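Letters A, B, C and D mark the chains in the order given here, with residues in each chain numbered from 1 onward.
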Amino acid sequence: MSAAPKDRAADAAPAVGWSRDGIAERVAQDIPSGSYVNLGIGIPELVARFVPGGRTLVYHTENGLLGMGPSPAAGQGDPELINAGKRRVSMMPGAAFFDQATSFAMIRGGHLDLSVLGAMQVAANGDLANWSTGADDAIPAVGGAMDLVAGVKRVFVMTTHVTKEGTPKLVERCTYPLTGRGVVTRIYSDLAVVDVTPRGFELLELAPGVSYEFVKERTGAPLLRDRMRQQGP
Amino acid sequence: MIDKRFASARDAVADVHDGATVMIGGFGEAGSPIELIHALIDQGAKDLVVVSNNTGTGLVGLAALLRAGRVRKVVCSFPKTAGSTVFPDLYRAGKVELELVPQGTLAERIRAGGAGIAAFYTPTAAGTPLGEGKETRAFNGREHVLEHGLRADFTLIKGRVADTHGNVMYHRTARNFAPMMATASSCTIVQAAEVVPAGELDAEAVVTPGIFVDRVVHVAEPALESALNEAGASYP
Amino acid sequence: MSAAPKDRAADAAPAVGWSRDGIAERVAQDIPSGSYVNLGIGIPELVARFVPGGRTLVYHTENGLLGMGPSPAAGQGDPELINAGKRRVSMMPGAAFFDQATSFAMIRGGHLDLSVLGAMQVAANGDLANWSTGADDAIPAVGGAMDLVAGVKRVFVMTTHVTKEGTPKLVERCTYPLTGRGVVTRIYSDLAVVDVTPRGFELLELAPGVSYEFVKERTGAPLLRDRMRQQGP
Amino acid sequence: MIDKRFASARDAVADVHDGATVMIGGFGEAGSPIELIHALIDQGAKDLVVVSNNTGTGLVGLAALLRAGRVRKVVCSFPKTAGSTVFPDLYRAGKVELELVPQGTLAERIRAGGAGIAAFYTPTAAGTPLGEGKETRAFNGREHVLEHGLRADFTLIKGRVADTHGNVMYHRTARNFAPMMATASSCTIVQAAEVVPAGELDAEAVVTPGIFVDRVVHVAEPALESALNEAGASYP
């Protein structure tokens, strides 16, 4: 789709687990051909680069385009053909433009198959916090995040497993202001793929070279592993 | 590659189940998807709840579906168009239920159903028999009625041209309820007089984006109720 | 706009007061140029024929067209270019097509300046009954009538002053099922122009050759005349 | 003859009063009616309530209106776009109020305001800080928030082409909020890069029908925020 906004160099050598691109690639594997998908601003946009050959996804951008295509070269493109991150994009064959009421009818009405979003925190009950730290001096801004989590059929979260400070992002209960309650379906982190189930977090898959214990230590809530795949990817 | 084309109207309606709620586009004959309705008659599903602005005329299309005894209930704003005898007869005989909804409320309920809006307050029908028994509430001193979103299992509509992704454009006043109905059901089936590859429609002029459409059937020369009736046709 | 559906011959010799065309002509005088107007099915459609030269009205038909033009000759026209009465019409320059949700957003949202409707009964408080006699064997059918009266800025009623049986249509209180409460602005009958005011019916103008007493006798509620024009038309 | 053209942006915004609520189209720079906003700055109305998805970037357009101290309150979903410093500074200094609304709820509230829907129930924001203090209600076991229609005194939007009746078509993702905003204010003002006589637009492709538009201003080469900002522009 479009370039990640910053420090791509960091991708070169992850300490352990999947790189940012690696997570994106892992997410992309799980999206069936023909899906209508909304990729959140930032890291989730990487997913579009790794969709396996032969699959066609239709990308929705909530500012009013279905059938969004890759960003043009820097300085090229149309300043009024942009995505929700306000960067220039292109159109694919079969694209359609529409207004915001229609765009969010698609979202809220359950017409999109999947949204991939970033996260500050995800709780074991599927609660998501990804729009505000709640800090006093923060400028609150929510955009379409609350609509997406309320309406899209499946919500995947794509995130580092812990913050830069090493604090778990997968937690028992979110301390940041919520984006939505019980909305996250699955989490793709640099360390693992984790399902959100009625029993809480369930490990589905480990990143190469990462152990269950390693992930468990970095997860702020119980991490079940009954359903983990027997073979890694 | 995305290709929502179905080979025939028959194939497209094959899985409509008994008891299904089916939205059917059209205002009078304009936009009535006659070939899809006839395919539904052939298919045989019964006990249907039909959501449509009218109830058809003569012995073809929607009137023929009613006459075949397949419809348990009609949700409708105007079931007695000139030339409509099938529904009035069934209704007077107690053989079909009617939920009468003001036309604008019908449109808005369908839109709400497709847009994830559970319910809304409208001034329409407040203080009238069609508002009776419904929750009301005053906004700015004016009484409003609470109306709920409406959804269906299947939607049958008629387009002028569709592409393989399911993008649809309509013909004049045949547009009417189709764009909302396309959004409000689990499976939306479009018959279109022309079907083109994705990329041939003007992205600015698409009325129904493909995300709302599940199946596209090419019906090159769709019949019109008035022409069939003038010819004395009946279906099947 | 389009031909009246029946008995035009009746127009030739009204016993007293305005003919059907005469009422339509009188209504047309009161519609400013540039108005967005919805004419109800049937008699109100006649109004379009009598709009004074130099005035441009834009006609809305609730099935999805703004800028509706006259009906084509019999057998001509497009069966999918119809009005709310399901008769074929034409388009004027500047016309636009839209779906039912948008069409009724125009109506309910107060965007139309005027609707001219028929009536079974109008009450002194502006209540209107024009969709059902409430008879047991009637097929109930409402169409857009309730939306129009709830949303259009001004609602004119165009009607005979009494029924065929001579019963007043202007009444103290409607006995037929209501279309809307307190919605009628003004009544144009074959005998008079009557405003609906907070004080009840107020006579605004008499048809040629009709006396106040004559109208009063045929009106089922008090008929004030303080505001009546000093000169007839 | 209907002709909604105004000679200039200045004429078109001349009667905006102090304290007015003004809806302004645009998502980022796409669809931002810069010339109308600049005319509004020149005109001098203050104490405005602005309804817009963002708060502008740099020192032009919406950011310039804010910087000029004319805005009392912003109703907005995302007031901190990259390149936006004016609003954040004013907000931190307590010089402007913010009503933060989820983007889809903002769109739907504006649509409701224009469509005569007093209020509606949406699942968006239920259980979050933006749903707090609002009436909630469960539908099918799911919590919904009651949201009210939103209206304005004036709407400023940007079209690609308009006709003399006020019919408007847009350019790509510049469409965004304009079609709803056009319906939801007492006076809707469109700046369009091209203005044509009534009858030249395709009636099937009109996005905003003229009934929703009061004034049309021809702005042949509208400026873009990004280009102005790259050039280091500020307004006035």
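Operating definition for what follows: a residue touches a chain if its C-beta (ideal position, glycine included) is under 8 Å from a C-beta of that chain, and two chains touch if they have at least 3 such contacts.
Just so it is clear, the model here is predicted, and its values are computed rather than measured.
**Q** Farthest chain from chain A, going by mean C-alpha coordinates, please.
**A** Here the answer is chain C, farthest from chain A.
**Q** Just how far, in Å, is the C-alpha centre of chain C from the one of chain B?
**A** A distance of 29 Å separates the two centres.
**Q** Using mean CA coordinates as chain centres, what's the gap between chain A and chain C in Å?
**A** 57
**Q** Determine the centre-to-centre distance between chain C and chain D, using the mean Cα coordinates as centres, and give it in whole Å.
**A** Their C-alpha centroids are separated by 37 Å.
**Q** Quick check: what residues of chain C touch more than one other chain, meaning two or more?
**A** In chain C, residues 97-98, 101, 104, 107-108, 150-151 touch at least two other chains, as defined above.
**Q** Going by the contact rule already set, what residues in chain D reach two or more other chains?
**A** Those would be 108, 111, 115-117, 122-123, 170, 172, 203-204, 207.
**Q** What's the complete list of touching chain pairs for this entry?
**A** Once each pair is checked, the touching ones are A-B, A-D, B-C, B-D, C-D.
**Q** How about chain B: which of its residues touch chain D in the complex?
**A** Chain B reaches chain D through residues 108, 112, 115-123, 139-140, 142, 144, 148, 169-170, 172, 202-205, 207.
**Q** Taking the complex as given, what residues does chain D use to touch chain A?
**A** 27-31, 53, 77-82, 87-88, 91-92, 98, 100-108, 110-111, 122-130, 170-180, 207, 224, 226-227
**Q** Spell out the part of chain A that touches chain B in their complex, as residue ranges.
**A** 34, 36, 56, 58, 60, 66-67, 91, 93-98, 101-102, 104-112, 150-151
**Q** What does chain D use to touch chain C in their complex?
**A** Going through chain D, the ones touching chain C are 1-2, 111, 113-117, 163-165, 167, 183-184, 197-199, 201, 203-204, 206, 209-212.
**Q** Could you list, by residue number, the parts of chain A that touch chain D in their complex?
**A** 61-65, 78-82, 86, 97-101, 103-104, 107-108, 132, 134, 137, 139-147, 150-151, 177-181
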